[in-house]
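Each of the two complexes below includes chain A, the first together with chain B, the second together with chain C.
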Partner chain A sequence: MYHPFVLPFVVGFSVMGVVLVARYIYWLRGMSPGNRQRVLWGFFSRSTLLAVKEILQESLLHLKIFRVNPLLGFMHASLAFGWFMLIVGGKLETWYYTGNFFNPPYYAIFFRYFEPLTEGFWMNGVLLFYMELSLLIVLSGLSIAVVKRIRKKVVGMNNTTRHNPANRIALFFLWMVFPLRLMAESATVAVHGGGSFLTTVTSSLFLSHDWAVWLELPLWWAYSTGLGLFFLALPFSRYLHIPTEMVMLLLKKWGVQPEPGFNPEKGVQAFEVHSCPGCGVCLDVCPAMGAGINSFQSAYFVRQVRAGHNYETIADMCLNCGACKEACPVGISLESLRLDARSHLHRKANFDHRYLHGTMTLWRDTTEVVLYTGCMGRINPKTTQAVKSLLHEAGVKFIHLDEHESICCGRPMALAGAAEQAKMLIQRNRELIHGQNGQLLVTTCPICYRYFSSEYDLNIPVLHHSQFLWQLIETQKLNRHKGNLRYAYHDPCELGRGANCYDEPRNLLYTVGELVALSSERNKALCCGNNIGSLTLAEEQKQKITANTLTVLSENSPDYIVTACPMCKNTLSRQSTLPVRDLAEVMLECKEVNVAGSRTRKKQASVNVTP
Partner chain B sequence: MSQQKVAIVGAGPAGLQAAATLVSLGVSVEIFERNGSPGGHLKQWHALFPHFQNATHALNPLLNGVKGITMHLGSKVSEISHNGNTWRLLSDDGLKYESDAVLLTTGFNLFDASRKEEYGYGVYPGVVTSAQLEEMFNGQRPWPFDKSLAAPKIGFVHCVGSRDVKCGNRFCSKVCCVTAVKQAIEIRKRFSDSAVTCFYMDLRMYGLGFEELYHEAQVNHQVQFIRGRLSEASPAVSGKIQVKAEDTLMGRPLKLTLDMLVLMVGMEPAVKLTAQNNHLALGKPGFGDGFMADRELNTPEYLQVTPGLFVAGACKGPASLPDTIQDAKAVSVDVYNFLKTKS
Partner chain C sequence: MINFGYTASESRHIDMDERLHPAIEKMLHREPSLKECIACGRCAAVCTAGYFTGMQFYRLNLMAHRGLINEMKQAARACMLCGKCQMTCPKGVNIRHGVLLMSQITDVLDV
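And then the complex of A and B:
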């Protein structure tokens, strides 16, 4: 049960094992005592079973990708699950054949060479068939992968990742491994007979007996070498994701928290960084891609993080729309990873927050609503005015917290990577908000809204104005009739993907008019092309993103483009040929029209309605 | 030579001046103007920099110069085409005209200040544009504050829609700096106790007499010049406007309460030329579309290789009135020489 050709595999496999264990131990040692505790608690709990289920669903079957793109899903599933089937089958074969559960790993992998003629129903009938079926599944996935590299559109992808040399080498060996296995097994079948539906056909197709005798051993050598070299390259290439993703899923299910700060070589963050397969799903969903910018997408960002340099500038160029995080089949916390990566960018900046101590805390009588319009509200006075008019109309008792003075909510600081500075603003703002004695905080800015809800820990609920206005409509404190103006709604990233608020804005627009369908909306909505926390992406590039988004918003010739974020409105309206409004402005304008009586549809020169 | 015909598109100062010059050279001219009356932006203006010359005194000679010339008012030219030696014009109202050469003098549009919502134009009544201020000087528009006010406080914001990448306009509109200085002095003369503050990026006093005017504004009229952009304008009590800015020379934030805020709106091209098959369409410019000197003149497909099409005045780029008139005269000579070689 030994032949020297197994050596390349044994060496490659052993080196991989040593490197993996060393790296994993190093990463795990970086965990805080609290996280270690979580691992211990979680290990013998239901979480482990749930993690195993998820590993089966995502690491092997790739169900998330399957749902989005069946062909791509099949490609990943057949490669991963097919290989898994081969490993399990190999184990069963050797177990059944020898009667021992433990055998050298190479024995299972090169089983057909060592035991070309097995006998019996289980060995020849079932297991042999199963093994060849598994190999066929892997090979079918592999052929799709090859097609994907050459003609990506065939598998429904517009973009594939540009790989660096280490990844290309590993990819080359991975591609070689399974065809070589098929050829080696076919040669053995041609020499000794045996084989099931696949190898009997392939051996008769291209191998005469004489040639097979001559080629059999070199092919097994080649297969072993290819496999060994792939395993050797694995810990140093993107294929490290294969074992790492499984560990990451376990750690996450056990509730392990990322260590504070940016730690690509420490704790759960290290496992996340190295779980990225570079599959390229994040490329197609990135709004910048549509604008021809292909330098800072998540696959490239994570790769730079692994390489350990230049990742800060890449992280800072991204506008944080969250589309990649939403689409990532591995579930990597791309957004927080990116923000943490930015933390070093502004470490030399001298933030002066002495003024915070001079801001008065006002204690007031009980009021229904505390309105906070934020800095973006200041550059969108029409939105602020509209919301206040609507609140007056509905008879809501409110105070405008930042009518004259305001402190930033802190999110721009956090987006720029200055988490500590953001905390100072949070603390001061929280005091101010609590000091108002209100029952509800309403903000017109999704950026503030998301931050208030996630980071502030307030003693009153927070609503975005679209949610509050919808409540007012539902309780009939505000009354509107349906008109026939057509609106295209732009989902702000911070409100949609960021805070999962998709329906209330749409409900409001349904109430007053028609909502046109868009090719990218809800969680696939495109970015407006702006961000308050990243300043390095060139204005021209941002404008390309905006133009691309406006094309989608205009595709069904709406009368208005409507959004619910003052920054989106500001950015879109500068470039749009169609009028851009905030939801509140639309609701206010509809009142005037409703009062005036029937409304007539605005005649448009180029009405091009495609259903 | 037999009398040759030139079609002029646009009856602003450039179009009027070119028409008068060409007629004096013996060329037959017809003018097409989309508005109901000739004169362009000049007819709404009150006084001109740097000598406070009455705008009507500058406009009247231009109008007198085109007496007897056929002018199609309210006629918006939508496309021009070239066939052999003949140019064909087509207007929105179905008018067709054939000529030996075409001169485009389509001028500029003022930047739509509501695109800078943070300055509150169209939201707060006290926020006006520089063009509206001229109408106030003319008595065609009421002042947005009580004129009996003892000491009105008035602010000017320079570069609104100019030198602004976010608005798609990288260029300097050239004339707004000195216009603001001129208008600030006029305000100070009209309201003797007023306080006037100008917020600028840098002052571009390029012409003869401009620097002197700027000096005069500071020394004789106590106009305050603050280097800094306005960050926002917000409502204050009784219709006043509160503005926030940073004095970047002093390095400190600034807060002022004003009775009126004047936005120095820049120039944008009025027309964009687009080549379509064998004709040129005159359309509405989009975001970031520059002036014709930036784009169309450098596009080899037309203009430079299309004999008989000429461009003059502010449609090539921001220009003052004297610049425009001189350019119109110079281009008219080019047109004349072109017609002479053709005949």
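And then the complex of A and C:
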């Protein structure tokens, strides 16, 4: 069975296959020896089956998107799973009809043209019905996609990705493919009869027999050409994510480890970068988007990394708040990718911290808690003082490690892409901490907390002060009465999304008062705007982000805005008309509130945009 | 020029009409907010590295305008990028990015 109109499809499909195989082999060869070993070990293990399950759930059914936004999930699922159903159905149809399992791929795809009147038992009708149902599912998803391009609000999105020309061309052909298939099949049904519930209706509605005789072959040509051109564009557009995402899920299940360095065309990172579909889920969650800054979001960052140019400014500008990583349905490690890009850009940065002399502690009393307030604690003495008072009150024996001189924890250097250069800082701080003979390290800064727990390899546990204060409340070393003040809690990026600590600060606030609900909180919390994650974002833009965040925080007119990060506190208090407090300050202050029993409510919460 | 009655050593003058070193020009192009600095010294007052080495960011910026590139680069290398200076800066200068560029100035901003 053959007709020349299958040629565009065959050519497009073959070129895609060759390009894909060549690129994948190149990327796999670039993997580290350890990772290659893991792939070999994982190949014939249970993880492969688990990966197949995940491919079905995420690459085809898109359950993660479905859970967040059902309509958007249905759009993605119907296109992907519907197409998958068509492929499986085509295979079954040809297998059933010819009795051979292996047939040329074009035979299954253009089956209705070659065999307009399939005969058989009831099975034939079932297959026909199944195929047309699958096509209808795909077309329903496609119509939502078209509507989404015109009116994104319909599917509950505030922003969609602005695509570059290559992606637009691929998108155009993808959109053409399925309507053309429907029309071509309808024409064949109009000429020869047959067909199931869909094509019989469409053929009788739109095509008379005479017209169909004329149009049948051109329509099949058009369908084949559209399909061929889409496959041709696939490896050079964002649709490369379709096969790559599946490979990446396999690699992840086989346990490959992230590779050091910035290599978007080599190894694991290549698979990760190319599995971004540019779906735009990261746009809506980005705090900068609400402030009208729409140039550096992850979808654009990854796209430029793939293109290999113009990613520099984008990489440096982002605030690294981690909201996009949290929302990414593909699970791309966007934060480390961005930091890798930064360290590639600033690879010549050459810092020298040898002026920090080592300390040698001969003997020290044991102490319960080593308190570390960090750089930001120094410009927020009130927070530090509050924590100290609370520790005194609870009768905790502590040493304030950096009361007189402090060394930065090193995370800011890592955020600037100079993680390698922070080694000296880590070493000196570790010496200082180990020299204290403490049982627990408590820090008031989430930035330090995150870096201490992930990079320091300390011999004592680390806690953020919110966690430690909650422990004190739980063990009743610290007692608080519930007041009637209303608090809005701002989740610091580094503490919430960064260290997954959402509950302790909230529990503390519940203990002393009421907590107001916010429209975006916990892992969807907005960034305060002055996160040290950004290197180049201009002051006015940061202020816009802060103003936007404050609008959300003052939604339900709380009495206080509370946060657990000295930097967030500093930034928010500059522009806020409501008082901004650190958790520790609230815990310290609330005693007085209970004694007085007064309730001072702000009449109208408003946000001052200019500081 | 208006005479305010002050005297200053000729060698310490910064003549804004004079052309800057090309590498400095490039640096200012990459981080335009550096031009905003008014040398108020808040950055120096809170500096972590300054505590140990006497590094002062506003002075680095003045060095840049005086063309003292090597001195500036050497002094910038002490920075820990902690960002306290940025929190206190009244003009919103992206000091961390500035220092990052200063520390690698002749390597990256080739002329």
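The definition used in the following text is that the second predicted complex is superposed on the first by the 576 of 611 C-alpha atoms of A that agree within 3 Å, B and C clash if a C-alpha of one lies under 4 Å from a C-alpha of the other, contacts with A are read in each partner's own complex, and residues count from 1 in each chain.
As a working rule, contacts are C-beta pairs under 8 Å (C-beta built on N, C-alpha and C of every residue); 3 or more make two chains touch, one makes a residue touch a chain.
The shown structure was predicted, so the numbers you read here are calculated from the model rather than taken from an experiment.
Superposition of the two complexes onto chain A shows a clash between chain B and chain C.
Once chain A of one complex is fitted onto chain A of the other, the partner contacts of A:Ile379 extend to both chain B and chain C. Contact with chain B, but none with chain C, is seen for A:Ser573 once the two complexes are overlaid on the shared chain.
In the superposition on chain A, A:Lys91 contacts neither chain B nor chain C. In the superposed pair of complexes, A:Leu535 makes contact with chain C only, with no contact to chain B. Residue contacts after overlaying the shared chain place A:Arg23 against neither chain B nor chain C. Applying the stated contact rule after C-alpha superposition, one finds that A:Lys348 touches chain C and leaves chain B untouched.
By the document's definition of touching, of the two partners only chain C reaches A:Ala418; chain B does not.
Set side by side, chain B and chain C differ in how many residues of chain A they touch, and the one touching more is C.
Superposing the two complexes on chain A places one of the chain B stretches 240-248, 294-302 or 330-338 into chain C: stretch 240-248. With the contact threshold set out at the top, residues 378-379, 539-540, 570 of chain A are in contact with chain B in one structure and with chain C in the other.
Those residues of chain C whose C-beta lies close enough to touch chain A in the complex are 31, 33, 46, 48-49, 51-53, 77-84, 86-88, 91-92, 94, 96-97, 100, 103-104, 107-108. If you check the complex, the residues on chain A that touch chain C are 316, 346, 348-353, 355-356, 375-376, 378-379, 405-408, 410, 412-413, 415-416, 418, 425, 530, 532, 535-540, 542, 567, 570-571. Across the interface of their complex, chain A is touched by residues 115, 117-118, 120, 122-124, 165-168, 232-235, 242, 286-288 of chain B. Listing the residues of chain A that touch chain B in their complex gives 378-382, 385, 404, 539-540, 543, 547, 570, 573-575, 577.
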